[in-house]
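Each structure below appears as structure tokens.
Two complexes come next, and they have one chain in common, chain A, joined by chain B in the first and chain C in the second.
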Partner chain A sequence: MIGDLPQILINGVLSGAQLAVPAIGFTTIYAVLRFPNFAIASHASVGAYAGVMANTTLGWSIGLSLVVAFLVAGVVGVVSDTLVLRRLRPSGSLTTAIGAAALGIVLENMLRFAFGNDPVGFDLPVLRDWKLPLLDLRVGPQAAEAALASLIVMAILFSFLAFTRSGRMMRAVADNPMLAGLKGIDAESVARRANFVGMGLAGFGGMLIGLDTSVDPLTGARVVLPVFAAAVVGGLGSIPGAVAGAFVVGVGEEMSTLLLDPSYRTAVGFAAILLVLTLRPRGLLGERAL
Partner chain B sequence: MSFRMTRRAALLGTLAAPALIRSGWAQDGAIRIGSLTPQTGAGGAYGPGMVKTIRAVVDEVNGAGGVLGRKIELISEDDETNPDAGVRAARKLVDVDKVVAILGTWASAVTTAVAPTCWENKVMLFTVSGGDGITRLPHLGYIIRTQPDSGLQAQRAAGFMLKQGVKKLGSLSAQTPFAASSYEYISKVMKDGGAEMTGDVIYDASKTSFRSEVDTILKGKPDALFLNSYQPDLLVLLRDLYRAGFEGKRYTLGYAANDKLLAALPHEVTEGLISYSPSPDLTGAAFKKVQSIIGPNPDPYSCQTFDHANLAILAMAKAGAATGPAIHDAVRAIGNPAGKEVSDVLDGIAALKTGEINYSGASGPCKFTPIGDITGCKFRFDRVEKGQNTLIELS
Partner chain C sequence: MTSYLAAMAVFAGLYALMALGLNLIWGLAGMVNLGLVGFYAIGAYTAALLSVKLGVAPWLDVIAAGVLSAGMGAVMAVVTARLKGDYLAIVTLGFAEVVRLVASNEIWLTNGTSGIANVPGLPRAFLSEEAVNLVFAGLVWIIVAVVAWLLGRLSAAPFGRVLRAIREDEMVAAVAGKRVIRFKIQAFVVGAAVLGGAGGLYAHYLGYVAPDAFQPLITIYVVLALTAGGTGTMRGAIIGSVLVVLLTEGTRFLGAVLPDVTPVRIAALREAAIGVALILVLTLRPQGLWPETVTHRKARSA
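Here is the complex of A and B:
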């Protein structure tokens, strides 16, 4: 049983990397706008469809399609926020969260109307895993590439937040909206940027999941709970926390298969949330309690 | 003692009159049969064809003068693939139309919901639903189904695997109410056939990767895997099995390995995947007749409702009475192996005048157990070749 541990850790890290990107998107929007935007699920599906169209219809490479997935989901995020969620924000975060869930269902059904319910695959061969016979381990080349892509996007995001004016404005609003307002930072403009980046990341993550599986209108909905769990465990609003949370959830779910039937994987993820929030209500790296 | 005509009595009398007239018709006029099929909802694609085959049988019998000297009247209702709508429609068929049988319920949830209305009123229910629990309801023999339940399907699949030389079988199942029972059926047949079961993993179908599940099941070194999946999770599972380098045989269900799944995966991932599903008897005379009614490729449900109509009418002819209990008592005697082989309703009615008959239908032999399950039917086994399902055996 212990001998299986290295393989399970590898599997968990690969799943965690897959969750991390949309979890960062979710937590970024939460940091700036202070509500859980559950429409992240349908934006992940939007990104996945944008990517699969760019790849199969236009014949673009996977790398370029990932950029398309980010841009399309980001733009859809800004538009849907401007049309729907912005009006709800004055009514409080609970109203906005429910509105976001409803928006997500509408977007999901628009995808269903446009593309149907059938799964669509990328124009990409499925590769056999690399085997390390001495250690009896295997690693999927595509999963490793996806993890690498996640790391690159995270690095770009951290540089954006640390070194650009937009990034600093977003951090200022996240840290103290009132003080940022006094300094002359336009909250609406920052909200748009946060939505673009957050939903863009969701779309990017959605396409990574689509590369690993296939794309259908429920692609995003399947991962929204683990993504939410990752953001909560890490501390809502904390970007390094979302990354840490994603790995905790990913590795935790895989580790549970050592002791329990795999059908309890999801339950174990949520038991982890309960445990973290009971012992540390602000999450692993969060600054304030929820 | 005097009878005073009150307003209440007058009202009751007015309400009762049509019912009296109606029951008078039901006794001496046409025999009423109801169809309850999904014209809308998830099963909406199947309902119209199902009614068409029933109507064709009824029209044919009426054209030859009816049965027991009476015409048959078909009353068609839509169950909307919804238990609520199904129960409303069934109550109308039973209470208002006084049908002797209801044919064609499709979704297991609808069948389960309307069944009590049928058995309490001694109306025979013919269904195409496959859910295991249906024939285990306390229905007193008032349910007959022409669709094999998952137990029979699993047993036939296991028999095929043994025939293909499978010695060590592992099982990966989506978490459903039938996962555990399917596994039990399969493992019993496999073990009786001398094969070994290397493990059973039940997984959460909503996950986007099954790497650890695949690692777990491959630890037992199976030479074949049974994938009790639905289409979305089978898609992910096949990719993960390919990535893990599994080279053995993979068996799954026909509704999971459908054309849409094959279109969404690269050919090298699906090559050699074997799937099985219940099949109409493609070579029989009854199937050819269904083809002439609804076209060259009838779906299994239209074939089954064709048989429902034949069975109900032949049972009435055999019993010499047009009631629910008469069909209930006679329906199993329609498939008497010692009787004359028939696959046509008019031949059957004629043959019953002189002796026993052995009906075999479009969906299969139509022999039933005491609780109303079919004892056997044809199965088709397909193997994926270059992204296309190819029939390898029909048995």
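Here is the complex of A and C:
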């Protein structure tokens, strides 16, 4: 059992990297707009379908399809926020969260209407696992590529937040909306950017999950618990926290398979949420939770 | 037809019970619960297991269903009591998922996705289908009336006034010397008990529980019922539940109107309609169709 540990760690890190992308999306929207956007799951499914269409119908490469997944989910995020959630925000964060849950149901059913319930898959070659000479470890090339794609997206996102005007505006609003307003930053335009980036990341993450399994209207809904867990464990609203939280949850899920049936993997996220809220509500890297 | 209407009356009554429970949590105390269906499921499984495996009497296992559900609610309320409401929203949403996961996987206990059959209910051997539905509808609505009366009393009592004060401004309530956290936990626990009890009734009515019956959509039904009827009032919770059943059943006829559309697409349209209805109510009439009226007694001039 202990001998399996290096393999479990590798699997956990790989799945954590994938989890990090939608978790960053969720936490980014929370940081800027201050409500938990439960429509993230349906946007992940939207991205997964956009990617699958680009890959199978148009015959585009996986890399290009990932870009499509990001853009389509991002645009849907901005549109749905403008049509639905923006109007609810003055009623408070909880009302907006409820509206987001309703929005998620609507989007999932729009996907069901368009594509049906049957899962669809990507056009992928079947590759053999890479065997690392060290300790007899195995790594699936596709899992490794997905983790690499996640790392690239995270690097782009961090440069965006650090070096561009848009990114700095988003951070300013996340830090102190009133002060940002006084400085002349338009809250609505920042909200749109946050939605585009946040839901785009959800779509990207949704496609990665679709690559790993298959795509149906509930693809996003199935991973929403570990995504929330990653964001809460890291500290809701903290982007570096979401990354750290995703690795903790990813490794935790893999470790749990030593003791529990694999179907309980996602329940590990729930346990992690309860544990963190009890011991350290602001999470690993968050600043406030009260 | 009578049998169908009575069955719909049963479901309207079950949703009304849940909406009453939610009204205490969200309507009065302003705490969100997006895992309603998880508490309902806990109640249904508790009642089903106690009566099928241990032969416990139905009235007793419905009470046990409420107690266990309240216990789960207590854990979640205590863990998140000091935090922003967003955290309770996330925890309750996750809870409902985990309940469904456990119900699907603990086959030794719950029989997995096949579900638990033969939960004792009204003696179908002696009664026609129609009579079973009618009697159960009567029973459920008597329980709705009793629960609405009890919760109405609670809402009019000082307890209810404190909850409304907390909903409007926690800080002010705390400054007025109210133990905000204790009140919030109590409201959540009592509400969760009602949700679990509704689940217990459901198990005995249908005689069968399976994880598939506890989809997140049920939560949206109940939230819609309460919001449409008027958040904060017992009357609103009841009227709203009837409206929701009218909406879910009314859209059944879409299939007849649009014969060329596949059943999957009809189902998708019907579910989307519920989501759209909730968004519309929240946007256009957040106070509900029959809003809460708060009577302010004028201070007596001395």
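Convention: the second predicted complex is superposed on the first by the 283 of 290 C-alpha atoms of A that agree within 3 Å, B and C clash if a C-alpha of one lies under 4 Å from a C-alpha of the other, contacts with A are read in each partner's own complex, and residues count from 1 in each chain.
In the analysis below, a residue touches a chain if its C-beta (ideal position, glycine included) is under 8 Å from a C-beta of that chain, and two chains touch if they have at least 3 such contacts.
Note that the coordinates shown come from a computational prediction; the quantities given were computed from them, not determined experimentally.
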{"item": "Touching partner for A:Thr266 - first (chain B), second (chain C), both, neither", "value": "both"}
{"item": "First, second, both or neither for A:Ser91, with chain B first and chain C second", "value": "second"}
{"item": "Which superposed partner A:Gly99 touches (first chain B, second chain C, both, neither)", "value": "second"}
{"item": "First, second, both or neither for A:Arg128, with chain B first and chain C second", "value": "first"}
{"item": "Partner chain in contact with A:Phe163 - chain B first, chain C second, else both or neither", "value": "neither"}
{"item": "In the superposition, chain B vs chain C on chain A residues touched", "value": "C"}
{"item": "Touching both chain B and chain C, residues of chain A", "value": "261, 263-264, 266"}
{"item": "For the chain B and chain A complex, residues of the former touching the latter", "value": "175, 201-204, 206-209, 211-213, 215-216, 231-232, 235-236, 239, 242-245, 260-261, 263-266, 268-269"}
{"item": "Residues of chain C defined as touching chain A within the complex", "value": "30, 32, 34, 75, 79-80, 82-87, 89-91, 93-95, 97-98, 101-102, 104-105, 216-217, 219-220, 223-224, 227, 262, 264-265, 267-269, 271-272, 274-276, 278-279, 282-283, 286"}
{"item": "In the complex with chain B, residue positions of chain A that touch it", "value": "4, 7-8, 11, 14-15, 18, 118-121, 124-129, 131, 138, 140, 142-143, 209, 212-214, 216, 218, 222-223, 254, 257, 261-266"}
{"item": "Residue numbers on chain A that touch chain C, as the complex places them", "value": "30, 35-36, 38, 84, 87-88, 91, 93-95, 97-99, 101-106, 108-110, 112-113, 116-117, 221, 224-225, 228-229, 232, 236, 261, 263-264, 266-267, 269-270, 273-274, 277-278, 281, 289-290"}
